[in-house]
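First up is the structure itself, then whatever we jot down about it.
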Amino acid sequence: MTLGTEFAGTEFASEVLPLRAEGLTRRFGRFTALRSVSVSLRQNEIHGLIGPNGAGKTTLLRLLGGQDQPERGGEIWLSGQRVTHRAAWKRARLGLGRSFQRARLFTDMTIADNLVLAIRGRSFARGGNYTSGGAQIRQAAERAMAEVSLAERSNELVRNLSHGERRLVELAMAFAGTADSESRVVLLDEPLAGLGAGETVQATEVIRRNKNGRAVLMIEHDLDAVFELADRITVLIAGEAVVEGTREEVLRDPRVRAAYLPAGGADR
Amino acid sequence: MNYDSLKGSVSSKPVRQAFSSGGVSRQAFLSGGVSRQAFLSGGVSRQAFLSGGVSRRRILKTGAAFAGAALAAPYVRRAEAARLKVGVLLPNSGVLAFLGTKITQGMELAINQSGGLLGGREVEWIRLDSETDPAKAPERTARLVRRGCDIVVGPVHSGVLLGMLRVLGGTNTTLLIPNAGAGAATGEHCGENIFRTSFSNWQAAWPMGRFLAQRGLRRVTTMSWNYAAGTESVQGFTEGFASLGGEISEGILAPYPAADFHSYMTKLAASDAEAIYAFFSGASAVQFVKQYHEAGLRDRLPLYGVFLTEGTLEAQGVAAEGLETTMHYADDLPFEANRAFRSAYREAYGVDPDVFSVQGYDTGALLVHAAQAVGGDTDDKPAFHAALRSFRGVSSPRGAWHFSRAQNPVQDFYLRRAAGGQNRYIETIAQDVTDPAQGCTLV
Amino acid sequence: MFLRSATRRNSVRQAAASDASHESFTRLRNLASRWRDGPAPLVFLLPPLLVATWFVPDYDLQRLAKFLIFAILAMGLDFLAGRGHLVSLGQAGFFAIGAYSFALLAGTCDGEPLLSLLLGMLVAGLIAGGFACLAGVPALRTRGVYFLMVTLALGQMVFYALHDIPLFGGSDGIFVCASPRAIEVLSLSGSRVYYLMTVASFGFAVLLFWCLRRSFFGTLLGASATAEVRLAALGYAVLPIRLAAFTLVGAVAGYAGALEAMRFRFVNPELATWHLSGLLLVMVILGGRNRLWGAVLGAALVIGLEDLLVYWFPDHWQIGIGVLAVVVALFLPNGVLFFARRLSFRRLGVWLVRQKESPLR
Amino acid sequence: MSFEFLLLQVLNGLHHGLLLFLVAGGLSLIFGLLGVVNLAHGSFYMFGAWLAWWASGVFGSYWLALPVLLVLVALGAFGLERALFRYIYDKPHLVHVLLTYGLVLLLDEARSLLWDDDVHGLEAPPPFARSLELGEDLPDYPVWRLVVSGFCLLLALGLWWLSSRTRFGAAVRAGVERREMAEGLGIDTPRLFLLVFVLGATLAGLAGALATPIASVYPGLDAQVLILSFVVVVVGGIGSLSGAFFAALVIGVADTLARDLVPAFAGVAVYLLMFAALVWRPEGVLAKRN
């Protein structure tokens, strides 16, 4: 257990964590999707969130992103501010970016327009009005498109893109931002799902490159990518955070091996 | 695009059929959309019909004005014809449609009986559906005026009447109202050009009020829909009843349209009045009378009313037996004119006439009389209106009547009892009743 | 979209470079549709409408005024339902609120100075907008078919309020006292001045909705329709965007109501029936959704057809409108403008084949 | 306001509500399962009523006319579904409103061409043509209203049994929850949609036929019942029969009492109730929270 997590609960934590959540519970009727899960992200770190299907990963992300509300007692802090019951758009303005499991993009608009909307949404948070900073935003948009090598098709309607390309646009939107509208905390919901080999490599590179200056929480089933990218990993099994720690600690933990990794599968 | 030429070609085909069938059948007249075809059998000469085509020069002039207009306006401007254009705005759809039909039949019969001409001129009927929609009334009326009608007949519903008055008030287009009883038409919005051949809501209820007071009743409950005609009728009844010491124990106004009256029957059953006065028409009259009968209130709380049994006896059946109402007409009025009218009507249409047929018939007779008096020159409005005012309705099925200064009929009102599908005459309870016409400048 | 300047510079360069492949065809089509979506057609429509003031007889001017009023209403509904997927079945309610507010505010019965009339109409629009805002806050919490039902309830509430409350003159309606004073210098009678006001209002409405569609606000409204959760996750509060649109369109409907109140100087509760709201939807769908000129085309077709049918078949004119609605619903769900835009035989074949999965879902 | 008076008013309200349930129940299923905003549902009620009057005249007895008219309404609904509705299930609600708006106009014209625009009455059928005396200052209560209320209750029970105890019912409820899931489980949805559409329309026609002896037939019959049944469907929760049942009773009583106690605002009150229900609990005030 590294220094950060021991002092997480107390006031004088060494530095304010970009995102911290304590005791998040969510019940749907009699079924408990999450039972008092705590997670905290650190600056310049990628935090993997893995677990079998139905473990509550997406539910956790919806609670952190503001798309859903936790049961009483759960708390969420975003760079030190309590946001447990804040609406999603308020959290976005505090620098929270996210991508969605099922790509939800503005299909009637071009790629460029989607990106500009994403950037402008966060830049508006710092008092910039709709029209100012047009040039700055456009450059940021072009930079983001270049990163996912879609720059030359910026006028293409998103409706005409393939599934893989749409995932890349989602990724670009999560990380895009001008100097004052950087997303400081990014939640990624299976960013690599359904990508071709080349696209997976590209996406992984994008995530790694955008790690600095941000705290990233990534849900992913592709364990190779997770173990390659993630600095810390939390394992969710049946709604509970069973293990949390660095790559090595997680691999050594017997519960993870029993519940998740088939015998012999993990000693790569 | 100008529909003028199109209209010419399309409409002539049905007309030829109607024309070739040796006379204009009732269906052709009622389908009415084809305005140019005369509806009378005798007077249609082939030459007059063909010469009425559209002159080329007129098409070009109007076509130019419309070149850019996005809206295709069916713009029928024809060379002046000897025909007398009469506009008709009655309902063909909705709850009051059957009244429109009866009025049209009565009017047609009257004009047919006098040779089919008005002051020697053939008549060109231009019919539009009022849809019983007051919001469309001004537009439809303006369209009739636009088509060159200087005489307009209609409407049935009082809301539509107010819309018509808005367009025709203060103009020299003559308006003949065959049914709508709103007091305003011969009250604050009366005018030289506005004549009514039916009755005002006040006029029909006032005699019933006096009659019940004379019969010795002291406390009566009133009930009607919560709309202009209803409130005016109740007010007329109250004035008549109170003038002889009667007292209204409760005034119930049902939100319009009410289909189920049974909850009101519960209220009426508990009322301490000696009788009830009700004003409903059409479908609501059927529902109210039937449900009143089923509630067994007929003996406990005698029901009197106006318009409750007009044209609805067949639908009400046994529930309406013995119901006493007042109206300016009874089916078996002992006048010779009434007997002649009823046999002619039954022979022409195969159905018995009702009060709406009578009002249509009188409107037709009024037109024939006035057109004859001015020799067909209805454009000379003062003379035409004077001729209309001089109408004495001597041969009217409802008995002689004439116009008051506010140009609303001054007529006798009869007590009738519903028996065997007819409103049977009992006695004449009020003679030469005149509508007070408050606020009318003519009075 | 709002990013126009960047993409235009971009597209010109690319159009030259890339071959006549699918991209350039799409771009040319986008440019053409952008022209069609812009106010340019006004240049062809306004002059004849203005000239008509002096040549066309009063009755037909009044009918043109009716078309212009319904075009304004339909454009508003198209911005709401076409762009924002907020399908409202109660627009006639705000139309009637505007008409009645104007009727009750109207001053003396003889001719009114233009300014006080204009003020009266704007106030009527504000009142209707106020109601739209008040009702919108709760109503916009619902989505899809529930929103349709909420607006139906709103429209019916306005109808029964106007019908039953004595202040509003019951089912027979009220006479309106206001009408524009004649302008002798242009030899224009009161009713022709009124017609000019309607043409001017129509012109402003076209410009207003053109700007709205191009604005960032318009883009956000469109975005809230296609991916609402995503928009929220990007930092935009969705409810205020929709509320602003609902209020604005309600105010425009109220302003159009004031114009209608002055047409015959008579208002009646029937202005608020759901049949009128239904007819407005027919106009929007018939013309072509999410197109600036779709709604205007729809209004012209429906009103022109209704006028013709009522005149030629007074007994059974409803059949015409009924058949029109059914045919458009089954075969032209994207409206006439969509069909016209794609009218080439090769495309016709493609369209007929692809009719099963229509692009609008 | 004596107690019996209130009791009788509530009874009237329940009668009004039960009749409303027949129309709203079918509409709710069509709305919930087929996802179709069916403005033409009132026309089935109207045709049921007019056919009842016409067939009673032709066959001389109401009891003979009833089965005939139900078959005719069912055939009409079958034809409409096959010809028009099955093409618009996957289209947006805007298209539904447009199609059914046109249908309302066409069906009204068909009624005007088939019969006429007059008002026609119909006597209650022989064994139930009398009224029950309830006491001195209470109106007699027509037996036919009790028969109709009883019949509607029976139908409600039948529908509840059909919905909760039969495979057909399970398929319908599954379809309402998740249409794609239902298709996945091998439910032949086109046939199911057809059956539900015809069932809903026939129920509305039956309601019209039952109401004829009370309200008689006249043009414009469809509009009166249509909007009120939408209120019931929405308050009860779209697609839920039990919701529609309780909502119909509540609204029937509320509408009856409001007309009596506060006439000027009766019309507004019903729609205020609908507005509030939609805003407070969009998926239906009575629906179970999932």
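Quick notes on this one:
Going by the order they are written in, the chains are A, B, C and D; count residues from 1 in each one.
FYI, contacts are C-beta pairs under 8 Å (C-beta built on N, C-alpha and C of every residue); 3 or more make two chains touch, one makes a residue touch a chain.
Because the structure is predicted, anything quoted here is derived from the model rather than measured.
Averaging Cα coordinates per chain and for the whole protein, the chain whose average falls nearest the overall one is C.
Farthest chain from subunit D, judged by C-alpha centroids: A.
Inter-chain spacing, taken between the CA centroids of subunit A and subunit B, is 76 Å. Spacing of subunit C relative to subunit D, judged by their CA centroids, is 34 angstrom.
The distance from the centre of subunit A to the centre of subunit D, with each centre set as the mean of the Cα atoms, comes to 50 Å. Distance from the subunit B centre to the subunit D centre is 36 Å, each centre being the mean of its Cα atoms. For subunit D, the set of residues that touch two or more other chains comprises 108, 112, 263-264, 266-267. Annotation for subunit A: no residues touch 2 or more other chains. Contacts with at least two other chains are made by residues 160, 163-164, 318 of subunit C.
Chains that are in contact with each other form these pairs: A-C, B-C, B-D, C-D. Residues 65-67, 87-89, 92-93, 97-98, 100, 104-110, 112-113, 116-118, 121-122, 124-125, 130-131, 134, 138, 152-157, 173 of subunit A are the ones touching subunit C in the complex.
Residue ranges on subunit B touching subunit D, taken from their complex, read 92-95, 97-98, 101, 226, 253-255, 257-260, 262-270, 282-283, 286-287, 290-291, 294-297, 312, 314-319. Across the complex, subunit D is touched by residues 81, 87, 89, 135, 138-139, 141-146, 148-150, 152-154, 156-157, 159-161, 163-166, 274, 278-279, 281-282, 284-285, 289, 316, 318-319, 321-326, 328-330, 333, 358, 360-361 of subunit C.
The touching residues of subunit C, when paired with subunit B in their complex, are 44-45, 47-49, 51-52, 55-57, 59-60, 62-64, 66-67, 160, 163-164, 170-173, 175, 263-268, 270-271, 296, 300, 303-304, 307-308, 310-315, 317-318.
Of all residues in subunit D, those touching subunit B in their complex are 2, 5, 8-9, 12-13, 15-16, 108, 112, 116-121, 123, 131, 133, 137-142, 144-145, 214-216, 218-220, 224, 256-257, 259-260, 263-264, 266-267.
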